[in-house]
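I am attaching a structure below and will ask some questions about it afterwards.
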């Protein structure tokens, strides 16, 4: 029989292993790496001594493609990055190009964008909650989450015909106006959703096993979180009260009243609580916005052919997973000279190695789940 | 009814095999397992005589021997693990240092 | 539009001509700094100007320029709620000091810049490719790397097909 | 030839029962899986399997067929012989345990002097199937799963065994028949030793590797644990062993704590109408089947549904048989089997309920629960029951004795929880747990 | 076929299995296989106990020996990862000594037993067969807790000491 200690993957031969250490590959095909993430773990028993993330299995060269497409043509591509929050990706891109053009979307478009983006945030968090719970072994929340997510996807489908990669927005505003009954449907969903969140929390928040599995696991202090560049719920879970929607408001967020939930210890449980609260806040924003969608045009004054003046722009939004930034350099032609996307998942994932050291294999799963990564965005 | 001599022969066979195992194998774990075989042979004897004399005492000795085997296995394997951690070997003839 | 506010003045007072240029573009502050003293300036940004959050580190390729690469650092200050962009020019084959010691985030970001542009960051703890396979030849985001180009030898060897297209 | 005939004559009933169990058990396990999927679906706002047969009633058969004809993959570096043999060990151990179980006063393969001990002994061998399978696969995930399951089973078998000791103490015998008979006149042992029952419930979940203690096969961590490299038929055999084990532990709990085949309130004459429950129950199911028959989309499905209805009618008739004076003697056997299986089903249902409600423990937490809570408490439980027995012998009446002993054990339990709670309060990476199993 | 005959068949079957398992235990190269054969041998021994009417010892043999000690063995074999050792020499060079010793031992004991069958030197008198009560467990328990209470306690202390010893020895940082 072959020596199992060094079999498995190339390059392992050079690694000096202790007497009772083994190396296992978590991924790229593993039930809980949420895609094609590969984490190479060096274990002492079940404790992680060392780890390394290996990514790139889903690399499609989005940034390169951008340089060969016109500004409008590139719109649908961004949906494929964080494919569970396509609307947010589109919002960031459209606003970045608008900023580059010096144009602005009309108010009605902004409000509709806000509503759809917040719905998308809820749906993204729902998917996170379901998969996170199933990683920790709770089977049932996933199905409840998918049930509510389905409602949101139905709204998207009715609005623009697509459920997942929606390409909902256009540079300068919106392609489609809201459909008849949009307000009522969103409102009905939102009013109902409050109770649904209570339902999820009943299953998990007070559950002793859940607390035991998440409290004190994957602690990221505020200083570490900032140093690692973590954003979104990961940063807020560590107790840093920072949200781009408040710090540098975009779309119509400055009109609405909402709070930024933060955690205290920066552990998995805090990030869970933060996301649960965020769903409630998003719901609140939706309810406020849906009451009063201003009338007016949905498309601003941008030409058919976009030729932004020479220059560069960095614009970022608070995507469900963190700061999603677009750094676009224009050379005055119809195609961007360089598009750089700052993916929140990629940078949050970087904190994984630090967070899992000293934990057990089971915690790796919980921590990957709590980072809420989407490999489409990590690898682009 | 099977005569007691048959049980004793089985026991003898197991005992001798165990002795051969202890003497010839290099792997400490297998040596330990051979010792288990020897203990097992003794157990057969005890239980056979217990029936022969219609006295349950022999079976009780068996229980003590099994207890003993458990203790021996725990300590023996503990030593093996401790040794393996330090020397990365389980071969008896490489365990020749008094101190390391 | 040239920029000459307090921030830039402080930078200039501290680093003199190591701050090459400063301008604003669509209300965004951009500083071009000397490549060699990048890490020194980064430490100053973090500690004294409280730009404690490295949002992004990337590069832009201008093949016709003498120093073809812009290394772009996007910084943000939680305290001031302000963004700042640092740029440094690096030529072909020139290495850029790593800022991993200043912000841990830079680790993967610099690896990505190395992967995509081939810019070497000096002092990086483990500079290797991150998105592409380790043995891949070429740096895709360079302008002279066409969109259809690929490392055909690698593809043939590892995927067993003639071409990915 | 005559020797053979004589052999068959002497051992006719045990042989028939053994054949029935070997034949029916896989089917039963398949239907337990179906039931689990249906219960899960119901709790998760879904329908579950609906395609094969009406309401998915033929799904287990389809699954079994699929697994039988699947490609059988053996990893290249696996230890072929052990890899081939390991699942068989598991399933053999699980099935052997049935030989001492008394499903009714009549349905039993062998009435053993050491009945319960035999079941515990034999089912403890199932662990070899898991550990050898995990080792033979030559995969790190399998190995980790095997190691985990070994540590887990050893830890929880202690607690389960001690919980059983409590029950056995009350019964004064190890024979399954006599244990049930000991509960006949008085109360079921679950009412005398509720803590013992609780301990056995938890420990049996852990021993059968079910959520929240399903660490050896935790799909989100170890892919499938010791079964990772198994496929097709061998995998099915492991699964069969797992579900067979579930039925075994449920049967043990039923026998020891829930009064085995006894009817609820068997000693209260005013509740004798409960005897009508078994036939009425099957009659109700049959009625529902016939009610749904015309609503099936396909004629063949209607046929299957009607067939099921007919089957239920047949069973109802069998259950009603004891009311015919000529067959009154069969009551204990027929109704006993019904009540026994009903209790077993309810026990398994509680397994499922727990599985869909709780997240999974982490390995060190599992070990802590086992060694810091379950084992100490089970020891105290045995002591408490011993005291109870002595008090009863000293002519104490039932209630004061019960309150004193169970109350005392409960206090110890609360104290243990409090101790554990105090330790949990410190966050941060967990302490070294590899020493826990020593 | 009477129960006695079955019991005889069972005895010879189990005896053969026990010896075969034992032989394989000490001869195969692979340690895990060795452990599996030892388990077989131990189980067969348990069967022999059953033919002797020692039901409780049968259960104890399976629970403790097979379910406890052997699991521990396999656990340790997996922990110490013996793949490297597999390629090394499995037998030492004192085979002939062992053979000689075994031969002497076997001839002595065999001689004694052989003559014990009849009117020989060791002279085992005819036993009091059939007097053992079928209530094996009760009998066993009574003897254990009355006559052998002290040895029983000592055995439990021994186990405790072994447990502590094993824990201390395998601790990472002593």
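Letters A, B, C, D and E mark the chains as written, and numbering starts fresh at 1 in each.
By our rule, contacts are C-beta pairs under 8 Å (C-beta built on N, C-alpha and C of every residue); 3 or more make two chains touch, one makes a residue touch a chain.
Predicted model only: the values in this text are computed from it and were never measured.
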**Prompt:** What chains do chain C and chain D have as common neighbours?
**Reply:** A
**Message:** Going by average Cα coordinates, which chain is farthest removed from chain E?
**Reply:** C
**Message:** Quick check for you: compute each chain's CA centroid and the global CA centroid, then name the chain with the smallest gap between them.
**Reply:** D
**Message:** For this structure, I'd like the pair of chains sharing the most C-beta contacts.
**Reply:** B-E
**Message:** Report the chain whose CA-based centre is farthest from the CA-based centre of chain B.
**Reply:** C
**Prompt:** Roughly how far is chain A from chain B, going centre to centre by Cα mean, in whole Å?
**Reply:** 61
**Fill in**
Distance between the CA centroids of chain B and chain D (whole Å) is 35
**Asked** If you average the Cα atoms of chain C and of chain E to get two centres, how far apart are those centres in Å?
**Response** 71
**Request:** Let me have the rounded angstrom distance from the C-alpha centre of chain B over to the C-alpha centre of chain E, please.
**Result:** 7
**Message:** If a residue has to touch 2 or more other chains to count, which residues of chain A qualify?
**Reply:** 1-2, 4, 20
**Prompt:** Which residue numbers or ranges of chain D touch two or more of the other chains?
**Reply:** 79, 143, 432, 434
**Prompt:** Out of chain E, which residues touch more than one other chain, so two or more?
**Reply:** 56, 68, 79, 136, 163, 166-167, 170
**Prompt:** Once bound in the complex, which stretches of chain B touch chain E?
**Reply:** 1-10, 12-21, 23-27, 29-30, 32-34, 36-37, 40, 43-44, 47-48, 50-57, 59-60, 62-64, 66-75, 77-82, 84, 89-93
**Prompt:** Which part of chain C faces chain A closely enough to touch in the complex?
**Reply:** 25-26, 28, 30, 52-56, 58, 60-61, 72, 74, 78, 81, 83, 85, 103-105, 107-109, 116, 129-133, 140-141, 145, 147
**Message:** Show me the residue ranges of chain E that touch chain B in the complex, using the header's touch definition.
**Reply:** 4, 7-8, 11, 15, 18-19, 22-23, 25-26, 31, 34-35, 38, 41-42, 45, 48-49, 51-54, 56-57, 60-61, 64-65, 68-69, 72-73, 76-77, 79-80, 82, 85, 88-92, 94-95, 97-99, 101-102, 105-106, 109-110, 113-114, 116-117, 124, 127-132, 136, 139-140, 143-144, 147-148, 151, 155-156, 158-159, 161-163, 165-167, 169-170
**Message:** Going by the contact rule set out above, which residues of chain A touch chain D in the complex?
**Reply:** 1-2, 4, 7-8, 22-24, 30-32, 45-47, 133-140, 142-144, 147, 203-204, 207, 209-210, 212-213, 215-216, 219, 265, 267, 357-365
**Message:** Could you list, by residue number, the parts of chain E that touch chain D in their complex?
**Reply:** 1-3, 5-6, 30, 32-33, 36, 39, 55-56, 58-59, 62-63, 66-68, 70-71, 74-75, 78-79, 134-137, 163, 166-167, 170-172
